[in-house]
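I'd like to ask some things about the structure below.
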C-alpha cells in the first residue's frame, strides 16, 4: 500500500512540476495513439457503413471475421509487424522499425476491427431505420454511406473512444515494434513496463495515474463537445 | 408540367415474400388521372401494390412499364410511408437532404426548404430535431420532403392514418395544390371521406388483385361489383 | 473536408518520422540498461560526437538477432559464446571488449541454504541445490540466464534435473527480481540491476567475488555488407569513444550507493 500512496504523490509531483520527460512521453503517447485513431477511423468507419448497406456474398463472413479480430492479441500483431518492418523483412527498405510510425501501424491494426465492429452495430441499426427512405429517394451507395456516417456520428464517437482507449493503453505490440527507445519511442505504457521491471513501483504507478488521467480527460472532452453540439440542436 | 411517366402498364405482376404471393397477378393501366386512390379491405395488398409500382418491393413475375426508362422513372417519383421515417437531423436538414443528394446548390436548397417549412407551418423551428416532432408534424415534414424535389409522381401510403382532423386537412390542401401543379399522386387510404374528397380514379383491390378500376365518380355512384358495393356500405368484405 | 483530414494525417506521419541530428541504434541488454550507466554515458556521447544513440533494451538473444537482421547498427552484450558465433557467421565485423562487472547471488536475509559461508560460486549453488530452496531463474535465454546455467554446470549440476524449487520465470532481470522478492527466493543477478532494484523486500546480497562471476561486456559493430542502411562509420566512431580515456574515467567512477559497478578494461 505504501507504493500506492508514494505513487500518487510522485504522480502529483511530476505533473505539478511539468516534468519535461513526463510531458514528452505523455505527448508522444497522445500523438501516436491519436494518429492511429485517426487513420483507423478513416478505414474502419466507411468499412462498417459499407458492410451495413451493401449485401454481398461474403458479407456475413467478413462481419464475423471483423468481430473475431477484435480479440487479436496485440503481442502477436506486434510480432508480425516487427517481422514485416525489420530490415530483413519485406518492408525493411522503409526503415520504419523502432519509429513512432511503426507503433502507429501496429495500433491501427489492433483497433481497426474494434472500431469497425462497434461502429457497424450502430450503423446497422440506423440503416434498418433509414432503409426504406433512402431506397425510395434513390440515392447512390456513396450517399447512403455518408448519410449513415453523419447521422450516427455520436455513436461513432463512442466507437472511436473505445479504439483510443485500447490504443493508448496498449503495451505488448508497441514495445516490440517501437523498442521503447528513450526520447524516440518511449510512451507511457512502455515506460510503466520499464519502471515495473526496475522494481520502481512508485514511478510506474505515477506514470499509470498520468495515463489514466489522460484517458479520462480525452473521454470527458469528447463527451463535452458532443453534448454542447446536441444541446444546440435538440 | 409535362409528365413523362405515364401511361403505366402493369402486366401479370406478382410480388412474393418467402415464396408466398403477397399480391398478383396484377393487370393495371394508369394514364395519370391526377389522384389515383387505392382502396380495399385490410390485407388486400394496398401497401404492397404501391411499393411494387415504386420499385421498393420485389417484382417476382410479370412486368411494370413506365413511359420512360426505369432509371428515369425512379428519379421522377417519391414515396411517403405510413409511418414517417425521419432523418436524425433538423427539420431544415431533412428538407434539404433530397435536394442536396440531387446536386442542388446549398443556397438554393436552403431557400426552397425554408419556403416549404413556411408552407407547412414549421417555419418557426427549422432547427428542431425532426425525430422529436409529433406524429402529425412528422407526416407533414415527410410529405414536404417528398414534394420538395418537384417529382412527377408521389406515392402516399395511408398518409393520414391516425392524424387529427386539422393536420389531415392541411395535408389534403397540399395534395390538391400538388395535383394542380401537374404532379400525379397514387395513394392508399382507409378513409372513405378522404377518398371521396380527393380521388380522380379508384383502384379497388381485393385479395391481392385489382377488382375494379374506374373513375372516382362512377365508383362512388355505382360500383360495378357486389364486393365494392359492400365495401362502400361498410360491410365486411373477404 | 477529406483533404483536410488527409493533410492532417500526412503531417502527423511526417512529424513522427522526423529525427534531429545523426542517430545510431545500439542494442544493449537489460542488465546493462538497469545499471544506469547509459544515462551517464549517452549525454556525453551526444555532446562529444553530436550523435544520438538510441538504445534498444532487449535480451542477449534478441540483441544478436537485431544485429543479424540489420535492425541495429551495433550491439553491446556479455555472452562470449554467443558473440563468437555471431562473429563467425559474419554478422559483426569485430569484437571489442569494453568493461566488466560481476554477478552476485541474492537471497532472503534468513539464508536457509547458508550460502553466505560458501567458498566459491559453485559451492554456493551446490548448497542451494542440496537444500532445495526456491531459486528463481531468468529462463529467457538472455546472457545472464546463459551464465547462470553454465555456473550450475560448473558446479556439477544439471538444471534439467531440478525439481519445482527451481523456478524459471522467462522474464527480464527486473521482473525476475520482483518474483524472487515475492517468493523470498535465491536468484543470480548482475550487480547493477541488483543495486538499482527498488523492491528488495527481505532480499540481501549473500555471495559475490568469485572470478567466475565476472561479466565481460563487448561491443560489436554490425557488418554493413549487404545492408547499406547500417551506419558503420558512426558505429566505429562510437567504438573509439567507448575505449577513450574519457569513457574510462566515466565508467570507472560510476557508482550506485557508493559502490563501483564496472571496471573498464578496453585495450588500445
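Note that the chains are named A, B and C in the order they appear, and that numbering of residues resets to 1 at the start of each chain.
Here, a residue touches a chain if its C-beta (ideal position, glycine included) is under 8 Å from a C-beta of that chain, and two chains touch if they have at least 3 such contacts.
Everything numeric here is computed off the predicted structure, so don't read it as measured data.
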Chain nearest the overall Cα centroid: A
Most distant chain from subunit B by Cα centroid: C
Centroid spacing, where centroids are CA-atom means, of subunit A and subunit B in whole angstrom: 47
Centroid spacing, where centroids are CA-atom means, of subunit A and subunit C in whole angstrom: 33
Length of the line joining the C-alpha centres of subunit B and subunit C, rounded to whole Å: 79
Touching residues (chain side subunit A, partner subunit C) in the complex: 31-32, 34-35, 38-39, 42, 86-89, 92, 95-101, 104, 179-184, 194, 196-202
Subunit A residues touching subunit B - in the complex, by the definition given at the top: 126, 129-130, 132-133, 135-140, 143, 147, 151-152, 233-234
Subunit A-touching residues of subunit C, taken from the complex the two chains share: 5, 8-9, 12-13, 15-17, 19, 23, 25, 30, 34, 52, 54-58, 68-71, 172-175, 177-178, 181, 196-200, 227, 229
Footprint of subunit A on subunit B - complex, ascending: 54, 56, 74-75, 78-79, 81, 85, 87-90, 97-98, 101, 127-129, 132
